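One structure coming up, written as structure tokens, with questions to follow.
Labels A, B, C and D are assigned to the chains in the order they are written; within every chain, residues are numbered from 1.
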Amino acid sequence: MSIEEQYRKRAMELLSGGAVKMVIGYGRGSNAERRRPVFISSPEEVNRLVLDEACIANLSGYLVNEGLLSDEKRVAVFLRPEGIRAINILAAESQLDAEQIVIFGFDVSGNEVKALKGIHVEEFEDVIGAIKEHAPEMGNEELLEKIEQMNPQERFAFWKEEFAKCIKCYACRQACPMCYCRRCIVDSNQPQWVNTSSHSLGNFEWNIVRAFHLSGRCVECGNCDRACPVNIPLRLINHRMAQEVLKSFDHFAGMSKTQEPVLASFKKDDSETFIL
Amino acid sequence: MTKILFSDKLDKCVERWKSAGLTVMGPVQRANIKTYAAVEHASEFDFGLILTDRSIKDLFFPQTEPMLRYTIKKDAINTDECLPPREQRIIFGARACDASGMAIDDPLFGWDYKDEYWFQRRNESVIVTIACTNADEFCMCTSLKMAPDSTKGSDVLLRPLENSKGWQVEELTERGREAFKTIADLLQEGSDTAAPVAAVAEKFDLDACVAWLQNPENFDSKFWKEISMRCIGCASCTYLCPTCHCFDIQDEGDTYSGIRRKNWDSCSFALFTLHTSGHNPRSTQSARWRQRIMHKFNYFPSKFNANSCSGCGRCSRECPVDMGITETLQEISKLSQ
Amino acid sequence: MAKIGVFICHCGENVGAKVDCTKLAAALGDHPGVAVSVEYKYFCSDPGQESVKKAIRDNNLTGVVVAACSPRMHEATFRKACAEAGLNPYLCEIANIREQCSWVHTDKDLATEKAMDITRSMVEKVKRNNKLQPIEVPVTRRALVIGGGIAGIQAALDIANAGQDVVLVEREPSLGGHMAQLSETFPTLDCSQCIMTPRMVEAAQHPKIRLLTYSEIESVDGYIGNFTVRVRMKSRYVDIDKCTGCGDCITKCPAKKISSEFDCSLGKRTAIYTPFAQSVPNIPVIDKANCIYFKNGKCKICAKTCQCDAINFDMPDTFVDLEVGAIVVATGFQVQNNSLYGEYGYGKYPDVINGLQFERLASASGPTAGKIMRPSDGAEPQTVVFIQCAGSRDPSKGVRYCSKICCMYTAKHAMLYAHKVHDGKTHIFYMDIRAAGKGYDEFSRRAIEEDEAAYIRGRVSKVWQENGKLMVRGVDTLLGKPVEIAADMVVLATAIVAQPDAKEFAKTIGIGYDEYGFYNEAHLKLRPVESSTAGVFLAGACQSPKDIPDSVAQASATASKVLALFSKDKLEREPVVATNNEVTCAGCWGCVLACPYNAIEKKDIVDRSGRVIKRVASINPGLCQGCGTCVTFCRSNSIDLAGFTEKQIFAEVMGL
Amino acid sequence: MSEPFEPKIIAFVCTYCTYAGADLAGTSRLKYAPNVRIIRLPCTGRISPMFILKALQKGADGVLISGCHPGDCHFTHGNYHARRRWMVFRALLDFIGIPPERVKYSWISAAEGVKFAEFINSVTNDIRKLGPFEQYSQLIEQTQAPASL
């Protein structure tokens, strides 16, 4: 039985037995390459679920939609390893109760989709640990290296050109499972810390703040990158920040559901070589 | 016999327009994005694009625009109103859906208060549209009762030749004729046939949809929740839409001086209608998506006699979660059967 | 509209010499929102302050900026003056143009320009200042003292003697702590029990002290002045009201072979017991684990013996809920388990003992009635080796710190031994002799000079048994030679470590602790007896290893802190505290973790039917100290800090 | 340019250590460059990365951040939290192309008046050598806002 069939069957069982009230998964999209999120709440609909290598989006953000989990019923969700890490962070940041989440874990290598064993988020620690040790390629390594090689002026110029495209549609924010704030700092106007206009200054500020707020929290699912309608390589910044917290604090976001947020905790012997 | 503009003359045309004081703009690919921008040479144009990522709206109603500059003194606040810099422009190679989008918004910006920012730019621009010979699965002009070679909003319409060597020229407006006078000697009379326009399948029954939307009972239909469940509430659809036109006014500055700007805003955002009291009349994403559809196909036409959609399909093409007007109207079509 | 008064002080020549005050006053006079901008020689003088007050009244000022010396000098002065003129004192700010401008710059133009920036920036801040009121917190005048050792007893007595109510909680069946176990005390060699027991009795009989022994803290909630504490009174199985303390039950109890905790396993006790003869209260408890009835369901000899019908085998644990205003933590220490040091043979050879065991051997009320007898065969040891720093100052196996009291008690042990075994020999292996303290160095010299303790500077590498002797191999680093001593007994000066449950307990009461489990003071130098949680104080060895005088001194210091807290009905606190916007709060609770004061709690917001609709952070102004760490952490910008609000700081920067 | 470039520097300091250290520099009558404007905060824990961005928006060529030495924080942990935040923010600015040389961090205690004066002088010198932060000024110019006072 293919994984798609297995998971449809499991979804059918869970829904008909009432073990979960909804399965969030992928369905066919508007063309052959696209998959779109689907929300299945009756067993008759499980055949709408699709699972193949085109299922890329991290669906975990839907779990924190207002009211979804407040009835304490369980919800099942299709997740790649990054999505599972996101569940850990959301649980660690008290946005959801991990007990309510039933995971349909899968991973894609090449064209092959493989199932990940487990149902609850705790069962995936080995999978996550393995990613910590060997991060999968994000497909943009060359550009990252190029940026790292630049001098500050060149880097500034590079990002200036990229950020110039930003139209402040906030698709990056809305697509990110970690951006669950009810009011984003950019929408806080007393005072207006971040200039909302999409001139270069406002775009710099927004993208810096976004990356900072995701430091140590980003699971590098790439939702922001794919959502950006103007193709800013947002993921590179998040990736760089993830490298930084890993190197400086041995913090790998989403290791467990009890992980302390890296910026709300500290060690007395944290590095401070840069402080005079 | 029709007037023909051969591709190999285009660079000369660009030169000519530039020396006549026009800024020449058109579809380009730059910094990993397809957009309309000013060019120096014809070689910078990319006419192979079905459609640019960003719409032509950027050139008439930019995302952010200064309205006035102010300085604060002890006893007075001095203001200095800003209008866009004067600039005669020719936009060469627009698409019919983009051009018609501008025409759709003209009455909106002019029905009561005449928006100077919009009309100055409109009056200073010549839109030269190239009829589409290719379309993708997201194009839906025909569903909106338009066509790949619609003339609405265009000053000149070009039809690509079958032999790909140039375009048949159809001057539509006085402004268009004026601009093409500059290059009159570069045009040739010819009998080359135009390539057929792209076949864009009709995707939904617009009239049926509008009727369904106008039925007050459907305002509270559970359809809205189902269709918009996966909407994440970003503004990529509204900001890429050639006809979406909402904006917000924002002051930026320090203690001593600042600037008032007009910035795009979007009905997709939760904060768009949030009241100071904390009440939000559109408190759910489904209410916000419904507003967008209602506005485009019900409220706007009732006031301006035209749908606020030109069928470019960018909303569906760029949506991070594969939503869009097409799907919604297709589903409404089904409901109304 | 803001009407700000700017008062520019020349400070004699101190400001005026380097800052053109007239120019400064004129520039600020032109600043938006400034109603008055004046200069004067000395605004801090009486006429200066009067002119500020007059200007406030005459112009209905909405805020005041005094451009003068550092706010650390005269902020309080001018805030008071504002209050006297009817302006909320928190609407006054100081622009520091002396310490941070005129005194440090030489170019008058540049200094004047900087002074303008500083003052303008402060005007922009003060425009956004809010009227603040000092936070008033009611105070429950009752103190909880946790721990009935010498520190706890001292603190309890000092507070009670000042007329305030105290609840003294001790988890063992009797007061006394470690001090009750000691034989004599350094440097005077007076008998520990002789000085300790009267204090125990005094505490127990004090009308202002409520004593809860054999009791433990279950939970602590609330904040300074307003703690609610739940205490579990463990069941003694002996009715404390009926028992007369006759001791018949103890005599008759057939389970007699239980190792005595009080005697550090050197003596035996019964299953129904008091830890020691002078226990306070003198009421026994039944040790359920060893009681024959509880094990086999048969016996009850104690119940049959008891004339007062005080024994109750069905007695449950009971709970006491207390409202207290202050908490003194005096939970003491324990000695490190020396089995870490396999090479010293502790736990393997019965005659290798630790210092506390030696105390019991030397104690007149101890298992040997004060005779030094070695545990293995009761023989009098002729040669004793003491090993100092058995665990202390040893990062590899023990602890990094110095346990502070071991040098002194080892010297004392050597003396006590010499006084009891006149022809005995003592050898003391040491790293350094640390004898700082009144009479301490003299004391350790006496051990060497009068009582002939042989100090050997060096470490012991191994202790083993050979021919009925304990062979001690070490090195004398002063001579650079290995040493081997055949001893009859070896005494280890074991490290003082935190109580085994110290970290857990710290979490219960919400105070900080270091890597070893010792409790953290709010400031090592300036606030050494306060914990980081307001209203919780630290006494004795729970903070760090201490001797008796230090513990007593610290206990008295906590008492004075508690009494100062109790001197008012209400506690006034600076209103520089954080507040949270519960509407925008996302409930991530990072602030809860980041707060150094545990001042932020998780709060459920419920609708009318009681359903949780939202979970947010809630800041307790009684606990918040106003550092603002939470404000910076808060991604949604929901938290703000009064006095240093986001708006104020934004305006300060934008006004530059 | 005829006049030598004088950088504009904005400093954010905690009140208990560095602000007091700056006061001590004053009472000791030490002399240092007049380019720095100090904003006083209760604790380094209160210093938000947003402050740095706003200082740059105000045209600062350099930004200083300073507080109590580790272990000396009046609020016990504020500076430890701040240190982590800075570590991360610094890396971020670097990656975006805002040179780390323009944002300097230090620990200066209430007793270190001399260190304060030296720190201000050395940073002012360093930033003077770097020259104006032109790339950021261009961002500000592009907003088309009128020049401030």
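As a working rule, a contact is a pair of C-beta atoms (placed from the backbone, for glycine too) under 8 Å apart; a residue touches a chain by one contact, two chains touch by 3 or more.
What you see is a predicted model, and the numbers here were worked out from it, not measured in a lab.
Participant: B-D versus A-C: which has more C-beta pairs touching?
Facilitator: A-C
Participant: Report the chain whose mean Cα position is at the greatest distance from that of subunit A.
Facilitator: Chain C.
Participant: With centres defined as the mean C-alpha position, give me the subunit B-subunit D separation in Å.
Facilitator: Taking the mean C-alpha position of each chain, the two centres sit 46 Å apart.
Participant: Taking each chain's centre as the mean of its CA atoms, how far is subunit A from subunit D in angstrom?
Facilitator: Taking the mean C-alpha position of each chain, the two centres sit 34 Å apart.
Participant: For subunit B and subunit C, what's the span in angstrom between their mean Cα positions?
Facilitator: 69
Participant: Residues of subunit A that contact two or more other chains, please.
Facilitator: In subunit A, the residues touching two or more other chains are 183, 185, 193, 195, 197, 199, 202, 263-265.
Participant: Could you list the positions in subunit C whose residues touch two or more of the other chains?
Facilitator: 583, 594, 633, 650-651, 654
Participant: Of all the residues in subunit D, which ones touch at least 2 other chains?
Facilitator: 54, 58, 77, 81, 85, 143-144
Participant: Determine the shape of the graph in which chains are vertices and touching pairs are edges (line, ring, star, complete, other).
Facilitator: complete
Participant: Touching residues of subunit D toward subunit A in the complex: what are they?
Facilitator: So the residues of subunit D in touch with subunit A come to 49-50, 53-54, 57, 70-71, 77, 80-81, 83-100, 104-107, 119, 135, 138-140, 142-144.
Participant: Please output the residues of subunit C touching subunit D within their complex, sorted ascending.
Facilitator: By the definition above, subunit C touches subunit D via 70-72, 96, 98-101, 103-107, 110-111, 113-114, 117-118, 121, 512, 520, 522-523, 532, 576, 594, 596-597, 625-629, 631-633, 641, 643-644, 649-650, 652-654, 656.
Participant: Tell me, which parts of subunit A touch subunit B in their complex?
Facilitator: On the subunit A side, the touching residues are 29-31, 34-39, 57, 61-62, 161-162, 164-165, 167-171, 173-175, 183, 187, 192, 195-199, 202, 223, 226-227, 229-231.
Participant: Going by the contact rule set out above, which residues of subunit A touch subunit C in the complex?
Facilitator: 70, 93-95, 180-185, 188, 190-191, 193, 213, 260-261, 263-265
Participant: Report the residues of subunit C in contact with subunit A in the complex, numbered from low to high.
Facilitator: Result: residues 583-591, 593-594, 602, 611-613, 615, 633, 635-638, 646-647, 650-651 of subunit C touch subunit A.
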